[in-house]
Amino acid sequence: MNTLFTIAGVGILALIAEIVNLKRWLTLVVILGLAGALAFLPWYTNHAESAPAFNAMLMFDGSAVAFTWLIVIVTVFWLWMSAGYLRQGEHQTDKTSLVIFVVLGAVIMASFNNMAMLFLGLEILSLSLYALAGSKKDSLSSIESAFKYFLMGSFATGFLIFGIALVYGASHSFNLGEIFNFVKDNPDALPAYFYAGVVLMMVGLAFKISSVPFHFWAPDVYEGAPTAITSLMATVVKIAAIAAFWRIFGIIFCLTASHWVNIVYAMVVLTLVIPNITAIYQQKVKRMLAYSSVAHVGYILLGFVALANGNFVNPLPIIFYLAAYSVSSLAAFSVLIKVEENGGSFSGLYYRNKWLAVTMIVALMSMAGIPPMAGFTAKYLVFIAALSANLVPLVILAVITSAISVYYYFRVIIQMFDKDGSVEPVNVSWSIAILNFIFLVLMIVLGIFPAFDLLMRLIQS
Amino acid sequence: MVAAALIPLFPLLGFLLISLNVNRLQKYVAATIACGMMLLAFLVGVYTFFTTSGPVQIDLFTWIKAGSFESTFGFLIDPLSLIFILVITGVGFLIHVYSIGYMHDDEGQNRFFSYLNLFVFFMLLLVMGSNYLIMFVGWEGVGLCSYLLIGFWFRNQEYNSAANKAFIMNRIGDLGMLIGIVMIFMNYGSLDYGTVFGGNHNTAITTTITLLLFVGAMGKSAQIPLYTWLPDAMAGPTPVSALIHAATMVTAGIYMVVRNNILYLMSPISMEVIMIVGLATALLAASIAIAQNDIKKVLAYSTVSQLGLIFVALGLGAFTAGIFHVVTHAFFKALLFLGAGSVIHALGGEQNLRKMGGLRKYLPVTYLTFIIGVLAISGIPPFAGFFSKDEILAAAFEHNKIVWALSLLTSLMTAFYMFRLLFMTFFGSERAGEHAMSHIHESPKSITVPLMVLAALSVLGGFLNIPEALGGHHAMANFLQPVLAPVEAHEANHSTEIILMIVVVALTLVVIFLAYNMYVRRNDTSVDPEETTGVRRVLTYKYYVDELYNAIIVKPLYALSKVLDNIVERLGIDGIVNGLGKTVVYGSRGLRFFQDGSIGYYLFVMVVGIILILGYTINW
Amino acid sequence: MYITVFLILFPMFMFLLLVGMRHKNPKWLALGGAVVELAVSIYAWINFIPGAERQFSIVIPMPYSFGISFNVGIDGISLPLVLLTTVLVPLIILSSSDKNFNRPSLFYGLVLLMQAALIGVFTSFDVILFYVFWELALIPIYLICLIWGREGKGGKITIKFFIYTLVGSLLMLVGILFVYMTGDRPLGPNAFSLNVFYEIGQRMQPGQQRFVFWMIFVAFAIKMPIFPFHTWQPDTYTKAPTQGTMLLSGIMLKMGIYGVIRWLIPVVPFAVVQFSNVALILSVIGIVYASCIALVQKNLKTLVAYSSIAHVGLISAGVFTRSIIGIQGAMIQMFSHGLVVVGLFYLIDIIEQKAGSAEFKDLGGIRNVAPKFTTAFVVIMLGSVALPLTSGFIGEFLLINSLVQYQVWIGAIAGLTIILGAVYMLVAFQKAMSGELQPGLASFTDLSISEKVVLYPVVLLIIIIGVYPGPLMAVSESSVSALVNSLPDLTPFIRP
Amino acid sequence: MINSVPIDYYLWLSAILFSIGVVGVLFRRNGIIIFMCIELMLNAVNLLLVAFSAYLNDPAGQVFVFFIMAVAAAEVAVGLAILVVMYRGIRTIDINVLNRLKW
Amino acid sequence: MTLNFFYFLSFLAILAAVMVVVSRNPIHSVLYLIVTFFCIAGHYVLLNAQFLAVVHIIVYAGAIMVLFLYVIMLLNLNRESEPHKSTILKIMATVCGGLLMIVIIGSLKGTEQLVEARVATGEISLVKNLGKVMFSDFLIPFEVTSVLLLAAMVGAVMLGKSEHTDVK
């Protein structure tokens, strides 16, 4: 809770920085501030401690704490990585504070206990992102992506709140605990419009997590937005959206799972197949990563379905998947940013900067799910969960699509070893080199020593 | 007794010494090593022969062991193997000596001797092995050496093809044999001769086993249908033809059948098959031999024919007669080949009979020894072939008159084509080219001495096993007694036997006269084989068997392979795999158009999705 | 007990050393590492007590991971393959001594990483660990093929190879996890250990076993490869750099066979009984099919590639008989095939370097100028056609033996390999080596020292193993019998 | 007073308004009008919430409407800013012109 | 009486909403939307939510729609120049909207038993009650709203501020 205030304070501090001329050290200050926010976050919680707070508006239970940790840590890495982007142009403080607001929204989405908080958190996150997506004002693509994101995002929000309204009408409350109890007490007497509300909320959130068929915005927006913001969307925003999805459907509506789980099935199948196949033909690495990001949602949802289906209330596979994916994705984007600064071509990258290429290879392999990288362990956990819920056909489909995904990931690798490509060396600052090295280590260490038990303790639900 | 283990060791040593230093050794050193090793092996063989009483088994080490399967690397010294050891090392030694002269000018002489030594090693393994697997080692090993030696002059691709053909046809037989061996193991739990022969026999299984083993023999001993490699094998140097493709290797099949006589006697069907195959081969090959014009081809078909005859004997249960004929055949056929080699050597490589003639005054030693060989093979008493062949005919007569008649026919054809060969080579007009005639000379000592020794053996070899009808004691039969299954001996009475002999000899003489009439008096050599017609043409072209095999096996196999490669593999299997990949890529190309960049369209799809989802939910 | 750990980690360490730092002579450093590895593995062989027990084993539970442990050891089935790997890798490194790759340290580093992964595969006794090494082995070989291969831009064939094998292994992962999920799902340090895995697997319902069988079988079938999963192989072998081809054909495809022996047959014995006929028939079809195709190849390299499919078909057929003889035959034949195929590919590499092509139309008469080369070629070829007293014979005899015992006709058809194998090898030899010297080959030199250093050990080993296979076979004997005897009694299922 | 109108009527009304908003979004190409239609959708939701709040006798629903209003205002601010920037760039607010990013 | 008023307001709201969609001139759309908002405000009054109705009119009609109008004027968009979508698309859009309406209305079943459980009074809508709820239970969301508005402001300012660079 104090975490929230600290984050908000950091955001405002970033704005003030414009006035007090703190720009040079802004990123560092913000990182420290976020680290301070983490200090208020418990290492782990158990049930007794995870009481709802602030008139039951927020609840930092196990999964919320885990998601928050993940969000803040990823943001710290992101800030480290994107210091260059933030410093570009005139709006350093604006962009920084908007990013912090995104994080604030994300944390709210991970810890809300009331539909109002969900809505507000989502909107803080979205509005800041709309602006950030368009922050490269001299680029038409950036503006187009901001507009697309904005228009479709608000449209989807309409459905989300329509759903919230219907659920409220049926359950008489916005409080998650009360809704849960209401569902529990009236298992058979739920009105039809309650279910309509549930699926409309699902639509709204599915848009945010960019699951097929509500994913269309994602590739375009990811491609058009400044690369650093794209990576923010692919990591922090995705984590927040999934956290919200988990909170709503994994916890509150899990008792009615039989009414909506088939829809998620269908979304899983579509999300596994369509983006994975579409990504193959992409010519731009950034757009390919966008499709890959959508495709990964398929695996996450697979884990989600498995949990919902198996009455297994531990989001560990999802959290781990998000962590692994975020690290790999950040690593890939960090390389992409450097490459874009140097002409934008990956060809011959290995000969131009070995470590950058190695980071990219490991990142791509991790995303493709090849052991011993983190992505493999993540997929492993998801598959285990899915198998325990007897979702064998879905697992086989997931396996096949992840083999397909190798094709587009490896096309980049192939390009990096292209001998006829550009030879102009790519220079990387020390700070980014260290960051990449940390990513590299993390991707491998998370793969080999996934620290499941640690996470388990963290979640404890 | 361990000394016997040295017998194969010497040639192996020779092989290693020569082959590891093939470029460093002087020619005469290599030749000396090779011949010396052969002599040592022969001497040890003789020593063993005189010191051994009864079968002795020498186990060296466990070779292969896997689960219940165990096979030792060991030797079995018994009368049967001793006879073969002596023939192999003895004749082998002579042929080594002969090769010194014959291969003197060849740059690959050292290589040649190393191969020869290797061959002898494998041949000894074959006959000395104490179990089927060691026999099989030798069996395949001699095939390898045969391959290497047929293709010895590797610049000539035809020779290489002949070598390949030999190896592959042998391998076809070997597969049958291998499966037979495995079935032996399955049914007897061991591959040791002793265990197998003493095991429980089941007629049906034994029949299968023996037939499969005989398939191996068909390949190695050039029987129908796997005989066509042997005439082609004449591509190798002549000593090779003498040693491998006449005297020793091709008799491996006979050795194998005799070695397994206990099994074969269990299975009348197999015996019948062997006899019929042998008889058919004998007739077929003999008839082809009549129309051949290549001196070595004639001898090759003669070998095939003689081997067929021996199989007739084996099929009739006359194992001793078979072995006896193997021994005498080794002597006179080696003699004939070496004689032919001498002629070829003298004529500078000419092998065509139609370009020979009248050579007796130029090559007196060769001529004389050759005549002995021809007489021996034609079965003129008292030369070696007479006794052995007579014994086969006697066995046939007793068994079945038709078999006898056909065997006799073979024998008469043998006499005919052998004398044809003799006459066309040494009699009549001198048809060789001037260039060849200008260089003609009698061969050196290293060639003629082995000829003479072999001639002597061809004269005397028959006395090893004089039939009782002629007052002998069947010395060889008695010697082989321990190896052979006891058979009810119901010999024809001696007078019948003697009458038969007289009839045979008389008919043979008639045939020889016929040949003389045709090829010396009428000098019937001017017919170009291309212009022949009718039966003669069919015979000249060897019944078109090679063409037939080519048409029904080789070509279809290649055609099938091409189809498999180009259609099934490329278009079919790989096509499916690549097709799947391409489908995904095309799918990608198509799917990405759904992402057409227009917000209106995106929203539209979203709404459709929502309608479907809501519709699904309220219908719940 | 640290021998195994050393064997796995030392090449990894060498990999890091090679990739992470600059070296003047990465080739020799890598060779040194490989030789140390060989020495250690021989030390392990000497200290190996013949028997079925797992030795040099160590179990380290991985911190914070559900029951996955670093569970490695060496038993009779592992040791021959470990030896094969440690013998071949130095030879493979040596075989490149005349080549100047660009980025040599990366190349040799990857070769050693590959070695580590392969040894990991052969020594893992934890199924997840096995899987991780299995996949890890794919990465270096992929990169080797990609960076130093002969393929132009795009790397289509390499990626086909990678994805094809990856599909298989991912399905295997599904199978593995399925087995785990049907068990009690313990979280202890041995949750995924071999014995637990066997136990769960053997208790599964027939339907579950069938499912798991197909999931796992496909992975191994692709890796080996068994007909009709083989089409990645000839292309990859042709396009990979020779050292990559050697790694692939010499060692990597043994992973599939090893997998069947260790991770398929004992895990789902009922399903194996039920489907072994299918597997056998596929293998046997593969033998004949690949041999036929080899017959009409116009290039030595593809010919050997197809011959490899045929030989492996025989091995897998033998393994699926589930008899001691068959599996022992497979063990020895794996070793032999590794030697032979590495030798053959090296010979072809020499031809390609000196003649500029491995197409038959450009070759002929090499015998005239290169007798030592010819001798090596002949011996290795004879090993390939399984002539007695070469290592190939021991294996093929035992394999055909087991097949004939299983079903005479299957044995007979599988036995066609000894005929067809002879046909295509001899014809290839004739076309490439015999005849008149092709005018373009006049400069073909005989073996150089560095070539001898590779070929002579191969030749010697082929003959030594052929003459005296005892020591090698004794290593695996009791492990194989223990494995076969531990299978549940399935007599009622055999030959219904 | 309120009970004389069945709540279903309000639900239907808000559903109809919401759907009209959706139709408008799909119907028009003018960015600003699409945006207005989205506002219409939000208002439909507001109506729904107020109706529920009144019939359930629960003030929370109405409080939620305040939040929606606040969000709508914020959205309009950001949205119109984006729209203006876009207009500066491409001199139109026709959404169909926006397809640089595709495939 | 109330019911009739309800019908009238509803009819007007729907009509105005339809006009928003079909009007060619953006200005007209804005004006129709304002009409709709007023009707909705009327519904709020009918529902006893008078305070909300007032706020609604102030925020929407007074602030938001003015902003819209301002932008339309600023960008000089008050022409009927919008190239319309093709007829088939329009039909599809209408069909889709109709279908959506049907499924939503179809899902709005089963309201009876829940609503009748409570006695509705007008008291909840009093400013006093709303304020209590807002500043006790919903305090945090209220505070968070300030962050939301701040974020929107920062975003809008950042986007709106011209950087004196040419758009590429």
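Chains here go by letter, A, B, C, D and E, matching the order in which they are written, and residues are numbered from 1 within each.
Following the convention adopted for this analysis, a residue touches a chain if its C-beta (ideal position, glycine included) is under 8 Å from a C-beta of that chain, and two chains touch if they have at least 3 such contacts.
Since the structure is predicted, the reported quantities are computational estimates derived from the model, not experimental observations.
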Labels of chains that are neighbours to chain B and to chain C: A
Required minimum of steps from chain C to chain D, each step between chains that touch: 2
Top-ranked pair of chains - ranking by C-beta pairs in contact: D-E
Closest chain to global C-alpha mean, per-chain Cα centroids: C
Chain whose average C-alpha position is farthest from chain A's own: B
Chain of greatest Cα-centre distance to chain C: E
Averaged-CA centre spacing for the pair chain E and chain D, given as whole angstrom: 5
Whole-Å gap between the CA centroids of chain B and chain D: 97
Centre distance in Å when chain C and chain E are each reduced to the mean of their C-alpha atoms: 70
Computed distance of Cα centres, chain B from chain A, in Å: 78
Touching two or more other chains - residues of chain C: 163
Multi-partner residues of chain D (at least 2 other chains): 11, 18, 21-22, 25-26, 29, 35, 56, 58, 60, 63, 67, 71, 74-75, 78, 81-83, 85, 89, 95, 98, 100-103
Residue list for chain E, restricted to those that touch at least two other chains: 85, 92-93, 96-97, 100, 104, 107-109, 111, 114, 137-138, 141, 145, 148, 151-152, 155-157, 159, 167
Chains touching one another, given as label pairs in label order: A-B, A-C, A-D, A-E, B-C, B-D, B-E, D-E
Of all residues in chain E, those that touch chain B in their complex: 85, 89, 92-93, 96-97, 99-100, 103-104, 106-107, 109
Touching residues (chain side chain A, partner chain C) in the complex: 365, 369-372, 376, 380, 383-384, 387-388, 392, 395-396, 399-400, 402-404, 406-407, 410-411, 413-414, 417-418, 420, 448-454
Chain C residues within the chain B interface of the complex: 160, 163-164, 228, 230-232, 289, 292-293, 295-297, 323-325, 328-329, 365, 367-368, 371, 375, 382, 387-389, 393-394, 397-398, 400-401, 404-405, 408, 411-412, 415-416, 418-419, 422-423, 426-427, 430, 433-436, 468-470, 473-474, 477, 480-481, 484
Residues of chain B defined as touching chain D within the complex: 592-593, 595-600, 603-604, 607
Touching residues on chain B, where the partner in the complex is chain A: 581, 584-585, 587-589, 591-592, 594-595, 597, 599, 601-603, 605-606, 608-610, 613-614, 616-618, 620
